Structure formats: C-alpha cells, structure tokens
Amino acid sequence: MVQTFYSGFVIPFIVGTSVLFAVIIYKYVRWMVRLPRRDKLKVWHGLFSVATLKGIWECFTECLLHRRIWRVNPLLGYMHTAFALGWFLLIVVGWVETIAYLGLRFVPLQGHIFFDYFTQDMDHGPRWGINFEVVMDVLLLYVLSGLVLAVFKRFRSRAMGMKRTTKLTLGDRVAMTSLWFVFPMRLLAESFPSQLPLWWGYSIALGVFFVAMPFSRYMHIFTEVPLIFLRRWGITSEAGREKSFDHFQLEACSRCGICIDPCQLQRDAGMRNVQSAYFIRDRRYNRLTRYVADNCLLCGRCQVKCPVGLELDTLRLGSRHSLSGTPSNGRFNYACDVDRSRGEGRVGYFAGCMTLLSPKILRSMERIFTAAGEQVWWADRDGGVCCGRPLKLSGDIEAARDMMRINAELFRNHGITTLVTSCPICLRVFREDYNLDGIEVLHHSEYFVRLLSDGRLTLKPGGTEKMTYHDPCELGRGCGIYDAPREVLQTVGTLVEPAETRDEALCCGSSLANMAVENSSQVAIAQAVGRAFEATGAGEIVTACPLCKKAIARGTSLPVMDLAEVIEQHLA
Amino acid sequence: MKKIIVVGGGPAGMQAALSLVAEGLKPVIVERSGALGGKLRDWHNLFPSMTPAHEVLEGMTKQMENAGVEVMLHTEVEGLTDGGVLLMEGKKLEGEAVIVASGFDIFDARLKEEYGYHIYDNVFTTVDVERMLNKGEVALHDGSAPHGIAFVHCVGSRDEKVNQKHCSKVCCITGVKQAMEMRQLFPDAEIYNFYMDIRMFGPGYEELYQSAQQDFGVNFIRGRVSEASPTIDGRLQIKAEDTLVGRPLKMTVDMLVLIVGMKASSSNEKYALPLSSSGFLTPRDLFSGAVSSDLPNVFYAGTATAPKTIGESICEGSMAAEKVSEYLKSRK
Amino acid sequence: MKRSSWREYEKEIAGDHYYYARSCIRQNFFPGSEATFLRIMRDVLGKDIYDDPRHTSCTGIGYHTDIVPLDTTMAVVARQFALMTEAGYENMAVSCITSFGLYTEILETWHEFPETEARARENLFKATGREFKKPANIAHTSDLIFHNREEIERQAVRRLVDATTGEPLKVVEHIGCHYAKIFPKSGIGGSEFPYVLAGMVEQWGGQVVDYPERRHCCGFGFRNYLVQVNRGFSIANSRKKLESMAPYKPDMMVANCPGCAMFLDKWQYALAEMENVTYGADGRGIPVLTYEEMAGLVLGYDPWDMGMQMHQVDVEPLLGKLGVRYDSEAKYLGRGGKFIGAPKPAAVNAFSGDRIYRIKH
Amino acid sequence: MSAIEWGYSVLPARTMDLDRNDLGPVREMLEEMPQFGACIACGGCTATCTAGNLTSFNFRRVHTLVRRGEYTGAWAEMNKCMLCGKCRLVCPRGINTRGVVRLIKRKLGDY
C-alpha cells in the first residue's frame, strides 16, 4: 500500500482537490488578468518591497490567528483560530510526519492526507523523539473543539455573543455540512484505520467540501491571502465603478456575520437582509437587488468591525453606480453660473443644504465669525449648488463630479484660502473628491479649535451641566475627526460619553446614503440613539452635523444642539 | 312629575333621553318615523374605527328598553308652545323642557343636475352606498362589478349654488371610508376621490386618509368635478381640473358616488327660533351655550344646530340632558 | 336616460304677436332659415310676427369682444325695444342666441340696477328722441318652434326617420352657450339638460344623441374666432365636440345658435384640410342644420328654398336618408333660375373627387 | 395636406385624459413604493428644493403629473434634482422623496 498510495476511497478526495484547485486557479488568473493596467503596475512595484513581507506577517496573524476576530469576539476568535491554525498545523505536521516515517521521497497528496491508512502496517512509535500520533491527535482535538463551537454557534448564536448569524446559501450548506463531517470522520478513521468505510466517509466528506468550497463562503479561506497582498500593494476598490479587484474582496468575505450585529437597520429597524454580508453574498452570486444596494446608511459601523477589513462602503457604492448610475449629460449646466455668495474674505464658509435648513446653526456661525473678527465669504447663504456627496452616494458619480466642479470653481473664483463648513457630509466630499489645491478645508469643529488656541475666541466656562456628544458618521469614521469637537466641548462643560462612541458611535439613522429606508425605520433608529444618549445622564446632546441634529431630535426629548450653537452660547 | 320632551329619536335624542333618565327625569321621545335610530339605521360601518353601525344602535336601543323610556312614534312636532310642543292635528304635548334633536336632511343630489343623479343609472350617493353595503350588494345598475369608481366630495356642501354654504364636516372622512370599503370589495378597481379640501379633523381620520392613499391605493385628485356625461358604452365621463397641476382632466368611470352633505332639517323652521344662513338652529353661543337656545326651556342636541359626527351628537345628547337638569334645579 | 328634469325649467312663452329681431350672422350665412321661420310662423302656425327692417345689430359681437361699451350696447338695445314699442308689439322673438342672451342680461341688469335703465332711457332719448316699454316677453325663436312642435308635427309630411329602414335618425343637438348658460331659468330645460332642440327632435321622431361633450361650447367664442391667432383654440373646441360625437355615428347636427351652426359646419372643412380628418359615417362630414331647416324638412319644404345649398357639409346624403325629393340640378340656381355660382369640391362635399381621408368614428 | 396658409393650427388639448394616458408605469411605481401615493401636495418639498431655488424645477408638480400618467418631460425635470435631501426632511408625510425621484427616473427614462 505504501508503494502505490492508492485505494478506491481516495477517488472522492482526488476529484475534490482537483476541482478545487482548478476553480481557484481559474478565478484568480481571470481576476488578475482583468485588473486595470494601473493596478498591475502596482503589483509589480509592490512585489519586491517591504509590503510583501508585511503581507506575509498579516497572513499569519489574520488568516491563521484571526487576531481581529479575537478583538471583536474572543469565542469567535477561538473558533476561527481552531479551524484555521489547527487545520494548517495538521497539514504541516502531517507532512513532517510523512517525512519522519517515510523519509524524503515523493508522496502523492493522498499519501499525506490518508497517512494512517497507508501506513497501517508500520510502527507508529515516536520518531526523532516526537510522538507524532499524540501531536496529531491533540491538533485534531483542537480543531474539533472549534467545530463544537461552530455547531453551537449555528444553533445558539446568542450564546456566542452574536445576536444574529448569517443565513446560508445552498453552497454554504453543502460545504458546511461536509466540513462538519471532515474532522469527526478523520478521528474515527484514524482510530480504526482498518475500517475502509470510515476512510470512504472521510474522503467523501473532504471531496464534497472541496468541490463546494469555491462556490461557498469557504472560498474566503484561500482568497484572503491574495487579498492581503494586493491590498498591501496599494490596490483598492472604487466608489465610482465595479472593478476586477472587487472579486477578491467579495470572495474573501466569510459571511462570518460580525457585520450584522452593529447594523442599526437590523437591530432597531428589523431589517434582516441588507447587511454587508448579504450585500456581498448577493453581489457575488449576481442577484443583487436595488433594494439591498440602496438600503444601507453607509455609516461604516460594520466596516470598522470587519475582520477581513473589506471596503464595504466602497463596494456598495460601486454597485449603486452599476445599478443606478446614469450619464451626467450636462444635466447641471443650469447651475454653472450660479453665484449667490455674499461678503468677502479669505475664509469661506459653506453652509450646505442641511445647514441652510438649520437657521440656528447659521446664526451661531455668523456670531462666532463676528466674535473672532473673521472676514467671511458666505458661499451659499442664499442657496447654492449642493456639494455633490448625496448624488455620489446614490451612485450617480459622473453627475456628482459636475456639481463638484461647479462648486470648486466658485471657491477658486473668490480667492479663498480656507474653507469652513459645518456639514460633515460636505466636508468629506471636499476632502475626498474635490480638487481644492491651495484651499484648506476645515470642519467648523477644527476651525473652532484653531480660533481657541490662537486666542481669537474666548469662551465662558460652562456650569456643571453634563453634555454628551454624538459622532456624526461622516465626521468620525468618515474623516477621522473625533477629538476636535470634544476639545471644544470640554472647555465649556462636562462631557459624558455614550456606551458606543468614537469609531463605534451610532448613526443618527437619517443618513443621506440610504436611498431606500422608510420614515418609520429612521424614527426607530433615532429613538434607539436617543435612548443611548439619555442613558448617559447628560442634559443635552451635542453633535456637529446639521442632519444628525435634526434626525436625533426626532427620537429624544433632550435638547439636541450643534457644536456651533453651544459655542455661541458661551461666547465671552 | 312633568315630562321632558325630546324631539327626534336619532342618536342625539336617544342619548338625551338616556341621560335624562340618569338625572332622575322623565323623558318622552317624539319621533316622526316609525322607529328609533334616525339615519344611523341606514349606515353600515362607522368611521374611523369601522364599528358596525348596528352595534352602536343596538347598544343604545337596549339601554332605552332597560330604562323604559317613553317613545311616541309616527308623531310629528309642529312647533313650540308655552308649556311644551304642538303636535299634528293641533294636539299638544306638555313638558317642562324641550330638547330639539331633530337632526338633518340629506342633501338632494338631484339638485346638482350636472352630476346626473337619477338621470344616469350608475350615479349613486354615499347614502345609497351605505345601503348597498348593508345589503351586501354593491354593484352597478346591471349587477356587474365596477372597474373605475369616482367619489365626488362636497356635493351639497360649500356650494352657494345650492344654498349650502357650510361644510358638512363628515363627508371627507366618509369618502375616505367608502373608498377603502370599495377597494376591499373590488381589489382591481381604480378608485378616485375628487376633493376641494380634505378636512380630517377627528381622531384617527388623518391616519385613515393616509392609509387610504398608501395602503389602499386610492387616488385623490384636488378639483371639483364639473359634470358627468354618458359615454357610448354606458359609462360616465367626468371632467375636473386637477388644480394641483393646473390642467383640466377627464376620465371615464363605471360608478360615480356623490358624497352628499348635510342639509339643515326642513323642520327647523317650525320652532321660530334663530337660524343660521344655512338653516341650522343657532345655539345661544358656540362655547358654553352650545346646546342652549334663546329660550330658557328649549335645548338643542346633535345636528339640528350644525353638521356633526355620531359621536359628537351622542355627546351633545348627554350635555343637553345635563343642561335641562341644571335649568330645572335653577327654577326651584 | 331617465330625464324629466327639463320640466323644472319651463318658461312663459307668448302665444302670438311677435316683434322679430334678426341675427347678423344668420342673415348672411343662413338667410333661408330666417325666411323659413317667418314662413312657418305665418303659414303653418298662423301667427302675427312683425319683421322690422329698421332694427340694427344688437352689438353682441362688439360687446363680447370688448369693443362696444356697455352703455352703448344698452342704448342700442333700448332702441330695438323702442322700435318694438312703436310698432305696437310687446313680445320679442329673437333669432340670434347672443342677442337673446344680451337682451336677457340687460333686462336682468336693469332689474338689479335700476339706475342703469334710467341712464339707458336718457341716452336713447338724447340720441334719438325715442322712448320704449320693456318687452313683456322675450323668447328665442327656437323656443317658439319648440312651443309649437306638436302643431308642426300635426302638419308634417315626414318624420326624422330613415325612410328605408324606419329607424329614427341620430341627431346631435347643440345649444348656443348664451341660451341658458347665463341664466338657466331663461332656457327650456335649464343649462345642464336644455330641452329646446331635443324636444323638437324627439317630437318629430328623431333620436337625440347624448354624448360626453354635449354641453361643450362649439368653439366660436367671439374673441377666439375674430382674432386670427386665437382661431386654433376655436377649432380645437369644435374638434373636441366632433371627436366626442363621432363614435355615435350621428346623421346630423342641429343647432339653435348662428355661430354654432356656422362653425360646426365650416370647421369640418378646415379640419379636413388641416388634419386630413373627416367625420360622419361615410367620411363626408356631418351635416349641420338649423332648427328651422329641420322643421322645414319635416314640413316638406324644398331644401334649396330654405338655403341648404349654403352649407359647407353637403346635405344630400341626409336628404336621401329622409326620403326628401329634391332637384339636384337646381341646387345652385337662385331666384328666376339664375346660376348663383358653386363652390369648388372639398373633402366634406358628398360628390367631391377621390381624396381619401382618415374617417373618425 | 392642404396648401392653405391658415395662420393658425388646431391647438393640442391641455386636458389630461386619464383614459388615454398609459397608467401602467405609475401603477408599477405605486406598487414598488406605496408611500409615493401618500403625498398631500403641501409643496414643502418644492419650497425648500435646492435645485428649485435655481431653476423652475417643481418636484411636487412633476410627480403629481406623473401620477396622472403625464410622463413627458418628467425624466428631464427629475434630472435637475441634486438629491440633496432637504425635501425629505420637510415632508410631513415622511415620504422618501429622493426615492421617488430615482423611481421616476428609472421608470420613465423612455418617455
């Protein structure tokens, strides 16, 4: 037997393995070939750089150890590590074992996998001072302990710290069921090596798993590896279009379901089929609907938690563009010569549509500018052209770019050097998409910090009144601005933080990014957000986004104020 | 003990009598027709809760029986006298006080000739529809199911052309209610409501309106229908202006339902008490004296003074009884 | 249709002794109709009716186009009344719908605002030295025919039926707007269901077509037609009516208004030329008759004597259907057998060439 | 056609004929988005509209026309919308107005 390494039962395994590698190679080659030239160049440049080394390390920490999952949920982390590291070690140690017992010679794949069958007649005593049997058994037990958790999670996800777990596709079910059988069958077969039916069982379980794997969520096991390297080499997805690289992201998603719990549409509005895992699943299997693509707040809460680090928001924007994007056709030409600006100054202030609907913020900004002695050019005091981000978020990126050009030209025409905005939606698009060389773009919170540190603004210290701060998605997770508003608030009052804050902060629920959500869901989310803030014991909620302000006010009886209003109240 | 005369045995009159009994007084209801209940007897389900009208009516009649209220049916009041009311054939009925709860008349839709009521077969009024609903036979004249139904609001309301300046108050919600009932009966029909304003003043009314729009797919077009004309295939062409877009509109429907308003009861004139321009009895004032007349011993309840819902009418019945009791005590 | 409501709008119509007020348009376009009216009134009904050459236009066209001021109009109308008074009559029989509406409107105005009547009397007296009595009764001449429809039926030689099948003819009746839309009580049947023409049609055996745009204006509307750029609006309204009646395949139209009869007839030619569309069962137009012509045919008058050769849409197919004998050679022969000239053939002429048009049904 | 110079032409009817208008697309829209039918025509959306501030774009009027099957020009009008979202913030019926804009554009691109 050792000579041929053949028995009838290995056929399912051989077939499975062949299919698996054929499909994977076909997919990867196809995706790589279709990468745009720019991305291919990045691959060549990155291949022999330190990025590759970092990628190798990341593969170890993430693909095997699953460090990020551990951080989110240790039980889940253990489960994944048990599977990944355990199985990996089983394979590695298995190869070593083969060499230890058979010497350095060619052994076909099935020889390694079904080693115990083919070497039944051999003495399995320790070699090189290592009791391989015990080591392998321990590793197998380690994997099985992960399996127990996996089965448990499938039926009792809550006990695993997951309120919801993903719904499975057919491919998933086949792969998962076969996977569940792989290790118990191995245990049985290795325990009773002479029992051929057990080996058949083990081989079939493996074969079925391998055939199903590239068509199931288990594709992530392999795909995460190229993804890590491609990402390290600087390749990203794009909001404005779907790319070949997207496939690596889509198939690297294990549908672990970690994105489901943070989703407020799920936990407050009862939506069960729009979360990133489902979006990616639907897009991967070409059954993405507009409803799913559109029904996302793009708050970024799931993206922060994603153990694979997928660009979930960008992928969704790409899909929106494919589903709903329309050519620009110069449709905003009517706005080209619109200039309703007022005043003169090196500092420009862009209120944005939402602030124009919030006159209190406008008035506060005006008084703060006056107090600081700032000469301000009001870009859109009497209405103007929208910043373009809402249109971009809807997938209409070409038309949005037209609007951006119109505004950028307006800014340049008036010779400003600083552009202040009180709207994080505008801020983000100014920073990410506008070409505003020579103009510094500031959120009003950053601008206030500067005024305070320059001594141009002095504030009366506040009373003992506690206030809490809401991180707007576009400002916090979107632009990374967490500290500026807090710094300002701490000078005038006592700041208390809600349970979920900073990069875990809740979304107000009225995000412009969600094109499909109904009013009742927006209110439900706002109420949940309201409750979270009320639990802090604060007397008022401060935010730094006009839209968040309006949205949260629908869900709480506490006063909701913009940062500018708070400052104005404390002007010395 | 002298009697308290309640003119009219509709919801307001019945409740007035019940409340009088509760006050320890002895009411007598004088009812023109042969049964109690007034127009409530014709109604099917009551807005906005869709409570069956007969439930409300049966509840009240049962209480009336238990309380043993004296009722004079087929008796018409001809006017007020010093100590009571004048009946038919010069008979008098004595009472210490009179509650006028004589209700309203339904606007005669034939007066809006242009809508073709009683001219074209498939023009109905909301009253007809209630009766059809009660019989369980809502259909076109030939018994078939309508595919297009249009409701016309304000027929005999807010219309100086027919001397009905007032708003009849309950028609908007009636139109909404019946449109929803039609939707349930004819799921595939197109249903349109032509309105001048939608006045959803009551609890749950606006919600019902929104539900009609959103969940029942009823179309609301702002504009008064100007006329209905027959088409060659026996349907009805209606014309209106869609005032929200400022363009005239025409369409054909199978069934035209005229949402008829409340006309002041023609009997109101018999009391020789002040009447409003639309002919309703004028209460002493519209606030604390809403159920009082200019005479100390005459009180009003229900739609004798203005269009009201059934709930409001019943409420006024109680209020009038309380005022009677106060009046009697003040005399002692 | 279950309709009896017209009875709620009946009006007082004087029995005899009328002062006849002619119509500007009819005198020019349907002169035979007014002659036929006088013939019926005098010969058939034996009434006394005075046809006064001295009376003028009522100014209705000028009034409704805002050219003639109200005071002038009132003075002119006052003069007609003065002529009537001088002639010893007090019942007015008005041939024109617009005049009828105008007289009614002015009498109503004088009733509501007596100072306007005083001013009119003063103006008339200053200008002409005349004085007048207000008419005791004003009727449109179609009212008079309606009033005597039973008598006419008694003397009729034929009914409004297809002579070969005996089926009633389908007749579209069209009432001038100023007949009852201004004061519903001034018209028989009111404004919604005027019965003045329908009554004649039904009495004489025809069947009235109740089509959706029955009440719609013919489109003439003085300012709409008289200003050239507005004529597109005028013709669009006529088309709306024609489109609406077409599916009923009417055999004829009958109108009681000078403008309506003219435009419903002549626009059919214009529509054929502009849009290549003709109406009527055979695509040769729907003949438009005045009620006098309709009555005259029932009474057996010669169509050419009644001026029916003046129509744009040829009446011969209708005459054939009714079984009227006529001399086709005599169509364009005037008094004394003199040829009066014939129009060029057009699409709406029954015997025109071979042009094919889309026929609307 | 005739060679006659009339100096005018038959004016097209301004009447919206609901019998002739193709109501299929609007029915589909209402099915997909029932809240589209909940408008009470307050005009708040149009009053606050960023695009309407710069052009004649009238969201309320255009979508009411669409409800009646008058689709001509609706797509082009809706293209003026910047999707800024102010209308949704003021809508008393809580209608996803931006969704309506996109729905009309998607369904009526052919008109």
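Labels for the chains are A, B, C and D, by order of writing; each one numbers its residues from 1.
The criterion applied here is as follows: a contact is a pair of C-beta atoms (placed from the backbone, for glycine too) under 8 Å apart; a residue touches a chain by one contact, two chains touch by 3 or more.
No experiment lies behind these values; they were computed from the predicted model shown.
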**Message:** Counting one step per pair of touching chains, how far is subunit B from subunit A at the shortest?
**Reply:** 2
**Complete:** The larger set of C-beta contacts, choosing between B-D and B-C, lies at B-D
**subunit A-subunit C separation of Cα centroids, rounded to whole Å** = 82
**Asked** What whole-Å value do you get for the distance between subunit B and subunit C if each is reduced to the mean of its CA atoms?
**Response** 46
**Asked** Using CA atom averages as chain centres, what separation in Å is found between subunit B and subunit D?
**Response** 38
**Request:** Quick one: report the Å distance separating subunit C from subunit D, using the average Cα coordinate of each chain.
**Result:** 44
**Prompt:** Which residues does subunit D have that touch at least 2 chains other than itself?
**Reply:** 35
**Residue numbers of subunit A (touch at least two other chains)** = none
**Request:** Report the residues of subunit D in contact with subunit A in the complex, numbered from low to high.
**Result:** 35, 48, 50-51, 53-55, 79-80, 82-86, 89-90, 94-96, 98-99, 102, 105-106, 109
**Request:** In the complex, go through subunit A and note every residue touching subunit D.
**Result:** 294, 324, 326, 329, 331-332, 334-335, 338, 353-354, 356-357, 383-386, 388, 390-391, 394, 396, 403, 510, 512, 515-520, 522, 547, 550
**Message:** Going by the contact rule set out above, which residues of subunit B touch subunit D in the complex?
**Reply:** 190, 198, 210, 213-215, 217, 219, 221-222, 239, 242, 244-245, 247-252
**Request:** Would you pull the subunit D residues touching subunit C in the complex into a rising list?
**Result:** 1-2, 4, 6-13
**Fill in**
Counting only contacts in the complex, subunit C reaches subunit D at residues 228-233, 235-236, 239-240, 270-271, 273-276
